[in-house]
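Multiple structures are listed underneath, in structure tokens.
Each of the next two complexes has chain A plus one other chain: chain B in the first, chain C in the second.
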Partner chain A sequence: MASANPEIIHRALEKGAVTAVRYRFMERLLLVGAGVFGLLSLVTEGRLLLGLCLALLSVSAYRSIKHSRLLTAALTGLGSLFTAYVLLSFVDAVDNPAQGFWFQVIASWLLAWMCVEQLAAIKTLSRIYATALNILIPVLFGVWLLILWELLTRGFNVPQVLLPAPSLIAERFVESPHILWADFQQTFLKAVLIGYALGCGAGFIIAILIDRSPFLQRGLLPIGNLVSALPIVGVAPIMVMWFGFDWPSKAAVVIIMTFFPMLVNTVAGLSAAGAMQHDLMKTYAAGYWQSLFKLRLPEALPFIFNALKINSTLAMIGAIVAEFFGTPTVGMGFRISTEVGRMNVDMVWAEIAVAAVAGSLFYGAIALTERVFTFWHPSNRS
Partner chain B sequence: MNKSSFFPVMLVAFAIIVVWYSFTVVMNLPWEKSVAERSGTTPSTMTMIRNTLQQERPVLPAPHQVVTEVINTTFKKKVTSKRSLVYHAGITLSSSMLGFFMGTVLGIVLAVAIVYNEALNKSLMPWIIASQTIPILAIAPMIIVVLNAIGVQGLLPKAFISMYLSFFPVVVGMVKGLNSPDRSYLDLMRTYHASAAQTFFKLRLPTSLPYLFTSMKIAVATSLVGAIVAELPTGAVAGLGARLLAGSYYGQTIQIWSALVVASIIAATLVMLVGIIGDWVNRRMGLAQSTPSGAH
Partner chain C sequence: MSDKQHPNDAVINIDKLSLTFPSNDGDVHALSDIDLSINRGDFVSFIGPSGCGKTTLLRVIADLEQATAGSIDVNGMSPHEARLARAYGYVFQAASLYPWRTIAKNIALPLEIMGLKGKLIRERVQRNMELVDLAGFEKKYPWQLSGGMQQRVSIARALAVEPDLLLMDEPFGALDEIVRDHLNEQLLKLWAQTNKTIVFVTHSIPEAVYLSNRIVVMSPRPGRIYDIIDSDLPRDRELSIRETPEFLALANRVRDGLRAGHSYDEVA
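Take a look at the complex of A and B:
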């Protein structure tokens, strides 16, 4: 029946027959699965309302695909979120959640997957709509990851030492802002930012200096490339010995870790401009500095930002690992290693959440700056 | 390294060694001075400088001290001895290799899933990238301790951290590689009426190999870092990371430096090995020219 539909054939030709057929199959599989598990929970547990809801929902979603993917996505997405909410509210009420409970979890999870599957299949030409979708899809995925984590840890009574539920971590996060802020200040605002600025700055300046000498370039680049692959975090104990327990030793580790990627990338970027462009600058009678600032540095920006992005992660790692070798009694690495010893795993996770947020924001800020400065680059003009 | 850069590289390496020696003298001199002051003697400057190069626990050991220590602890000790660096390097290497292997397999599987499923591409890929902005090494001690609590010990916890670090470059490189075939090649496969499996094995997989090896070079280096860091919180039992930690506890700077040197040699060797295997495979598949420079 479907194969006779000219609209479907047209679309199949458009995006490759294989993809179109597989999508239909996937959709059916997910919805049938959700429906079956909804019914199963109805049979085993007698959860009349939820089970029936899930089954009905999947049937209606199945009918609605032909009309609108957005409608299906909204139906399945809202349905799955609602059931997740209900499930979360009585996961503690049941001592040992029975089969029916887990059937419902699976059913609502399949519905959520279906929702993502639908959203991802929407083809649109509108910029805003596409951006909204590209944000909404990963957010949904992340939310569902948290929901499953919460349900699994509480449903199976996973010992808190192994893996605390997200709600417990959030509670701990809200309870101890002072400790977290002090650690953040010590590790991120002092060690990471200062070390990062000095390391990247030094790498950049040295790169510009050796750029004038092809001899140094040929000598330093292979060594720089080699050093970039080495386990540089290993210098942490040495730096702690040299510069003491406080943040300067951590900043020193960060400087060493960030220096070489910056050096190598900047040197590579400075030679990115083509011969034609150099010739053009020559016909303008541009001096060394003019062609450096007007041609070669802008051309090198994508490389430099690449190094800045790599370094943002390296800097966090360097600062935190260096704290394992000795710190004053404050700092993210210190907190993590001592709280692990005390089996306060929820505090460790709260600290990790801080590190994750700080790391992502740091990276995001650099990526945003990159878009502002390299708007002309082909990768940003799609 | 090609022929034209051999001489410059040697010169720069020589310069680094000279700078190292001068730093050794400068940084170790205060200690020599205080020793002379305490004993009430006034040795000549030359003697003091000579002494800075052979201290027991120097602030910065001289290169030859490190080399001697490395040779002593690798060739002159039994491999099974706890003081042999070969023994410690073997422990670190085995967990990092296991982690590298698991990470590569996981990376390839994820990449295939991402390339073939648009929903995964849009939902999972942003999180994979975000996961790398998290300083994951920070949770290394927790993973070790927690896995230890449920009875998982030995190689696996360390390998797990190596895996986490090494899967990312593989996923990113492989996704790029699997998507690298030209539109026209994909069209050609369709005119042959090739099945999805055929398109994958005869077109997508071969074209992705250069990308795979480039990212495996990054992955193998990071997996070693992961294994070393994972050894830090286990209480300094064995491995290169444990040597670093023990050295920092007892102020054995020469021991720290020799562990670092061995770790660096291993990392460089591993990267080179992957590079050689990659070149060989690419040449066998006739892809030698199209090797991408940096699939990151």
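Take a look at the complex of A and C:
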């Protein structure tokens, strides 16, 4: 291989194109595919201008890749978004879209794929640039997932009850912010957050309390493991009987669901410190509480955050499912179960979207906090 | 060496000390009938093959293990009292620094536990970091340092307690030859500067001979003292002393002792 030729490498560096010195097979395949489908659409009743546009985009991307990945990514990315926009604008006008339409969808989608490929292949030392790429790539991916969903449901006239188009869900979302907000308040801000805080807090405190009692540890931990394996939402009807229809019964379910994972993880974390580190504290004549705060709790933090992350998803599931068993006429779980019965599936999806966003943000916030507190852990070191 | 006869000057007195661990295959005699006294200002090395009880003996001095027979006193107290009085600093085989603390904070750890105040802690941390040649690394984290530097931090941490007695358990065992030589040199300088009593466990003959003024040769099963060698090498030593005939003679005597104590190998 002549790749070691410094002259060539130097010239490549000068052109700022080190990352694009050679084609990969995948890239050729994607662009050739996009071009072929673009042209195919012309002979199968596709829109003439759009087909030409797609073919042209493929060819120019094929040329540009030699110069810069960024240029190629911009060309294919913007091209695919533009063509998708055109496709979306007339998908309803066509009754039973012909083959040509779907060929154009495929070509446009291949261009988007190519764009993500290019962005993912860019190597950079600049932090801002890297962060921008890390955000841009999943966003593009997600946007294209929505575009395909929209095109498929509308193009194939999928019945709304089975799967509404994202645009319909978005419409419903914008139309009913009050209902969604009230549901979010009832389920997330009350049941989830309060239940989560109490469940995790109690698990943590009990773990510290039983730390000095081998008897309680041996008795409670097997029960903890058993309970963690049970489908605890099953107790939701009982909690409704105990605590009534409003949010406290849902918070109770969340407490039960989150308590034992936190207990088991904290106990495991407290015994994570090694023998040598315990000996070290002993040579300093450190007391129980000093060892606890200076050695064992920091050592337990990764375990505790693990439980916090697991519990964030458990709490969402618990609170929503618990509402299926009886609630006042508000709440995300209540809305999902009633709107399904009334065939308002777009509302159900809107609630699911709210739950997904809230759950992700919740999890993300915990993960970020974890990074701050356990920056020293081998998995987080930079 | 004349002051050695002074009984008041003994920092550690060990008399007929034994330690037996119970196990499924019968008792393990980790230490048997140990008689030893260590004087103020001594640099004593325990050397021997694995299983000879050299680390166990050090741990008994530090009250990390308890003897099952015989007596031991450290600074005129029982090891337990000496530990509670923070009479010694202990350096482990691994640096065992806390990764969530900066270097300065790691050295401050024992001082925080002792309940010292901020200004005093800062002074002592600064002084001991300079002593091990690590000034300027205060804000680094342990994992950002090399193994040799980490071990130096752990020595500074042990010194920060300002003990008269320093117990070191194969502190340089995991380091490469060059770093080890360098740290040996630094340790000798430190000994000369601070005039501490140092008890040092090693399995390296050159290290033991280079560092110590007394070498305790131990042998296994049961763990016992085979020979105690007084070194007449001058206290002020360069690394080059290791090529001198006096040094080699001492090293040979240690080697012979280790070999003789090792004779069980042929039996087993």
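In the analysis below, the second predicted complex is superposed on the first by the 352 of 382 C-alpha atoms of A that agree within 3 Å, B and C clash if a C-alpha of one lies under 4 Å from a C-alpha of the other, contacts with A are read in each partner's own complex, and residues count from 1 in each chain.
The rule is short, and it goes like this: contacts are C-beta pairs under 8 Å (C-beta built on N, C-alpha and C of every residue); 3 or more make two chains touch, one makes a residue touch a chain.
Here the structure is a predicted model, which means the values were calculated and not measured.
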item: Partner chain(s) touched by A:Met347 [first = chain B, second = chain C, both, neither]; value: neither
item: Which superposed partner A:Asn134 touches (first chain B, second chain C, both, neither); value: first
item: First, second, both or neither for A:Leu270, with chain B first and chain C second; value: neither
item: Comparing the two partners chain B and chain C, which touches a greater set of residues in chain A; value: B
item: Touching partner for A:Leu280 - first (chain B), second (chain C), both, neither; value: second
item: Partner chain in contact with A:Ile336 - chain B first, chain C second, else both or neither; value: first
item: First, second, both or neither for A:Ala251, with chain B first and chain C second; value: neither
item: Partner chain(s) touched by A:Ala84 [first = chain B, second = chain C, both, neither]; value: neither
item: Common interface residues of chain A - those touching chain B in one complex and chain C in the other; value: none
item: Touch list for chain A against partner chain B, complex; value: 16, 18, 22, 26, 113, 116-117, 119-121, 133-134, 137-138, 140-142, 145, 161-163, 215-216, 218-223, 226, 229-231, 233-238, 240-242, 306, 310, 312-313, 316-317, 320-321, 324-326, 332-333, 336-337, 340-341, 345, 348, 351-352, 355-356, 359-360, 362-364
item: Chain C - residues contacting chain A, complex; value: 62-64, 83-86, 88-90, 92-94, 96, 98-100, 109-110, 112-114, 141, 143, 161
item: In the complex, chain B residues that touch chain A; value: 1, 4-5, 8-9, 11-13, 16, 59, 117-119, 121-124, 126-127, 130, 132-139, 141-142, 145-146, 149-150, 186, 190, 196, 217-218, 221, 224-225, 228-229, 232-233, 240, 244-245, 247-248, 251, 253, 256-257, 259-260, 263-264, 267-268, 271, 296
item: Parts of chain A lying in touch with chain C, wherever the complex brings them together; value: 274, 276-277, 279-286, 290, 294-295, 298, 374-378, 381
